[in-house]
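Next come two complexes built around chain A: one with chain B, the other with chain C.
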Partner chain A sequence: MAQPPGRALIVGAGLAALRGAESLRAAGFSGPLTIVGDEPHPPYDRPPLSKHVLTGAVAADATTLPGRHGLAADWQLGTAAVSLDRQARTVHLADGRALPYDRLLIATGTRARPWPNPHEGRLSGVFTLRGRDDAAALRCALAAGPRHVLVIGAGFIGCEVASLCRQLGLPVTLVEPGPTPLSRVLGSTVGGLIGAIHAGHGVAVRCGSEVEWLEAEGGRLVRAHLVDGGSIATDIAVIALGAVRNTDWLEGSGLSADCGGVDCDARGYVLDTDGQPDPHIAAAGDVARFPHPHYGGRRVALEHWSHAVAQGIHAGRLLAGAGPEVPYGALPTFWSTQGDLVVKSAGLTEGADAVAITQGDPAAGRFVALYGREGRCIAAVSVDSARWLPAHAELVAARAPFPPRGAATDRPKAVTILEPGLP
Partner chain B sequence: MPDATLLNQVKDFANRPNPYPIYARLRENPVSRQDDGTEEGTWVAATHGTIASLLQDPRVSSETLPPADRPRTGNPLTDLIVKPLKDWMMDRHRVFIFRDPPDHDALRSAVVHQFSRERVQAMRARSDQLVADLLDEKCGAREIDAVDDLAYPLPVTVICELFGVPREDEPKFHGWATQLATALEPDSLSDPEIRAENSRTFDAIGGYMADLIKDKRKHPGDDMLSGLANHATPAGVKMGDYDLIATSILMLVAGHETTVNLITNGLLTLLRHPDELERLRQDPLRAPRLIEELLRYEPPVQFRTRRTLSAIDIAGVTIPEGADLVLLLASGNRDGAVFPDPDRFDPDRVGLRHLGFGGSLHYCVGAPLARFEAEAALTALARRLKAPRLIEDPPPYRSGAALRGPEHLRVAIDGIA
Partner chain C sequence: MSPSADASSGPPSGLRVSVDLNLCQAYAQCCYAAPRHFRIEGHEALFYDPAPAAQDRDDIERARVACPVQAIRVEDPERGA
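The block that comes next holds the complex of A and B.
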């Protein structure tokens, strides 16, 4: 195995970074390895933060990711990277130090999109949820027994927090500008079905509305005012407006990066603004925008746990110079636990022109929806029926004809083709 | 084709003592077509990966029973009116091991709900007592039959007590259960005589259960049947009478026909591995891992059958729509790709993912019972049998290839402690 010399540097200390580091070592890289993270914590797992940590079943600091022994890395935690000088092959840190590299993995991930009014965003009772400290703070606030919780934004995190509040017995309102919860990712057809399940569990779902401003008394949130004139008295507001990719530090580096991620080629090397790959730098995880071979080379950046693992491993091997440089293209998958509802998906719904319930019954709260585009299966979403997903994922992986042929257990008598209702 | 006979070799009674070499040959092709005279053929999945995948594939159906067709009586009124009605009822109220979602799920959930922690714990203590009593009865004996003296009466008593079947009626179930268990043997389903006998048996046991359920409604007890008959689950599932009869028959048959093999195969395996028997005698806490390895090494249910609802591409072959499928669980359990040195009995394996209880949504509902009954029986046998020796090896086997186990297991002993 070729063993290029030099120093390895990983910027970011989350899941993709850790798996990337392990993969780099496993592929035979034995040189010095430094890992830089802006948070003071060693790599931790994020999915529990919006689930078990908020219910109190797991402490926020019990989410540390298990890592392999013998990683032999120099961990520089609590210091953010502020700039990248590719000519000098150096990363500058917030504390003024400069770290040289011969191979660099960019895995800086994302941060929660802040509330647009920074003053309101700092009010007591207003939370975002991205890191371990966010989750610990929100857990404290929920455990104190607030009279009402407002969740702003009905994406996956918003739906998880809202349904979990119901499990805790807290009154909760979910405000979403789209027509249904999850409409941006799953479309309003499936989003509406899931929204109905949440409404049935007592979540007050207010779609087609937006919070205009947050009112405070003595620095504490007391009320949220909606654009349509209504208002909601609340002690807590959870801002769940999605994520922003951490690419600010790449400004001036000459890499093709913006708030949607840093561009990579199919192998995983980052691209400069001329579209040329930099063979010293790879990217992985939420921050990496890459052409997905399964979706006609469309550039995507995926915020999925399994993707952070798979692409981290891929990038580690790439930077170690191990094996052939093959395109990365794992089928995207994710899951979301919303109260006692488990939503899982395989593939990407974007661009779907049709959707069909192919198994189960939405009225019973359990079903699988299959998404089609131009007569091919492109994605599948299971709601409380995860055991059926692998067979549907096969259809997606094989780009099987849509609507699907053949039969399956628990398939509705007539499979109806519906509009997905994607934005 | 050379494969054509492998499945028949599995079914061949002569191979009952040791089907594992045939399984090894079947594993050379993870999924293989076995000629059975039909166009689709019967397909056998023999590797761990293909079985695990097919167990959770929604294109694989458990509705393998042919439509009910009870024997004609010659009485025109019965044959023209009663028979079709009864056949229709029978098809509508299959036991849930032969049903797919969504019907399967509600029926199963009602049963799972009855397997409460308190009830299972109580039966666990009870089975230790039952084992002690059964062995006490053999005090002074110089030979026991592990089947008749312990492995059969223990699970039968447990399931009868769980379901509130009066002990004195148990002997009736012996014959009924043995007859109905043939439904799990593939060839019996195409044998008109066996099917006719099965419907007569189903009528007999069904009539008995209908009366028993009436009684449980009038005089509810602490048992599972009273619970099923009188209370809905938290999700609001309450079975109708016909489903309740079918489900209770299923539970009683399963309680009669499976755990007996786990216990007997367990003692047989221990007698063939005296060092493990000795280790268990010295350390009863080894029992749980030993039993998991037994479920891998000699599973009481060797295979289950399914049918494909549409064509399935798997392991380089395409199983056509409407094909009969044999999921060879016991072969998956000997797959060297998952279990290193698979033919070695080794209770110290870690992270065991055996298929002994099946998998996915039909995973054995009674698994907790089977585990603690086997634990109670095997720890007591290891502790109390003095110098046990196998009298016949291999012992005589029962006829079933799917539900496989010794008919008798004669063991010479120097006494019972």
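The block that comes next holds the complex of A and C.
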């Protein structure tokens, strides 16, 4: 029963990697542990990067996460993994070295989806926002007092950056091809309510609109041209088009992986292209695509902070060989701070066929929306109403009937069932 | 505001703080315990200092303990915690 500890290797040095390493140690793994990261920085917290780092209240290099001390890990930072040889149980690094493993955790996360035209993407004044260095560079540009900021893409990062620009007193335009901000994840009904709050704070929200190309003068961005023929003069553009999973290095490994993640079984072991689990390798965090038990085994890859923590802990225990191998199925939750506005969610909205405002009042800017599918609660979203979310999360966790019964004192008297407006 | 006016990262030997903002429900007890390191913006957006100076550890520890939902995590290399 007692197996030799062997060597543990974690590829990736973000939140999931760090919590995975802690969990591996906490579960009793005492062998050598190596952690490889492509960035030179120790694990840092990303949420502040699109918020207080950009306002200057927090320095980019102050975001280092707690948890590194006492790990007894060999940190190999500043060098990326470039390939995985599962037969030889070896990971090859960009600097030519090869690291052996007996237990491997894949936690390589995501990178910002780049602007499709690489030349335009490299112009001075054009930014993406994913890493610590990205945030430091964008902070410098915002602090220099640009005349105008253009945010391309009204997902969570786009909304966070746009609302923060208003807090800094900067004119900002938010361009989004969808019908409202956040429509892909929250649907156009709730997205429209949140978009109206941002518009009320002075964000110029332009939905149903797309940037076709970026014009430069002397290598500096000066203007964005829209598909419909209009243009926006701007000296900064923030490309917020979502993320791409870092699975390129797994090409040729025989694992089932693509730009949507590396596939895992319910326990967290990665799957090969024949669908067979590799019991030496687990994955966690943004990069892991796994069947979620709460949503009928639908395969999802979640870019949530709490998920990186929970799945990292799960994978650490799994690789340590501690206890029974149980399916991972934490209820997805996330938050997004947009200016002073806090949007939180429990569950997954995908596939919702109805939504209802079940607490508060959108006109007052504070409410909870509950999403239903085939008569069951599947997700809840709170806007500046976080204390109401846990009770709604319980409805989601229990797959309670939708629309919900019961009568809270401040629940709207007649709950109106709306179309969620999901794509 | 110029970039040089930005917050400093503090000494590398200082504290490391993270808050699980999924758990945070803006009870603001941390803001009373350590007002220079935690504050509520708007209705419920928590600002926290992720790298407080080591000499503020007593305030930070009070804030951590005061949190009704235990959302605050602190690492203090000098105390091995």
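A few comments on the model shown:
Heads up, the rule we're going with is that the second predicted complex is superposed on the first by the 417 of 423 C-alpha atoms of A that agree within 3 Å, B and C clash if a C-alpha of one lies under 4 Å from a C-alpha of the other, contacts with A are read in each partner's own complex, and residues count from 1 in each chain.
The working rule: a residue touches a chain if its C-beta (ideal position, glycine included) is under 8 Å from a C-beta of that chain, and two chains touch if they have at least 3 such contacts.
This structure is a prediction, so every number in the text was calculated from the model and none was measured.
Ranking chain B and chain C by residues of chain A touched puts C first.
In the superposed model, A:A364 lies in contact with chain B only, and not with chain C.
Applying the stated contact rule after C-alpha superposition, one finds that A:R405 touches chain B and leaves chain C untouched.
Of the two partner chains, chain B and chain C are each touched by A:R387.
Taken together, the two complexes place residues 366, 387, 390 of chain A in contact with chain B and also with chain C. Of all the residues in chain B, the ones that touch chain A in their complex are 53, 56-62, 100-102, 309-311, 313, 321, 360-361. Interface residues of chain A, counted against chain B in their complex, comprise 359-361, 364, 366, 387-388, 390-391, 394, 405-411. Contacts from chain A toward chain C in the complex involve residues 45, 47-48, 52, 56-70, 139-140, 143-144, 305-306, 309, 333-335, 337, 339-342, 344, 366, 384, 386-387, 390. Across the interface of their complex, chain A is touched by residues 1-3, 5-10, 16-18, 20-22, 24-26, 41-45, 47, 49-51, 73-75, 77, 80 of chain C.
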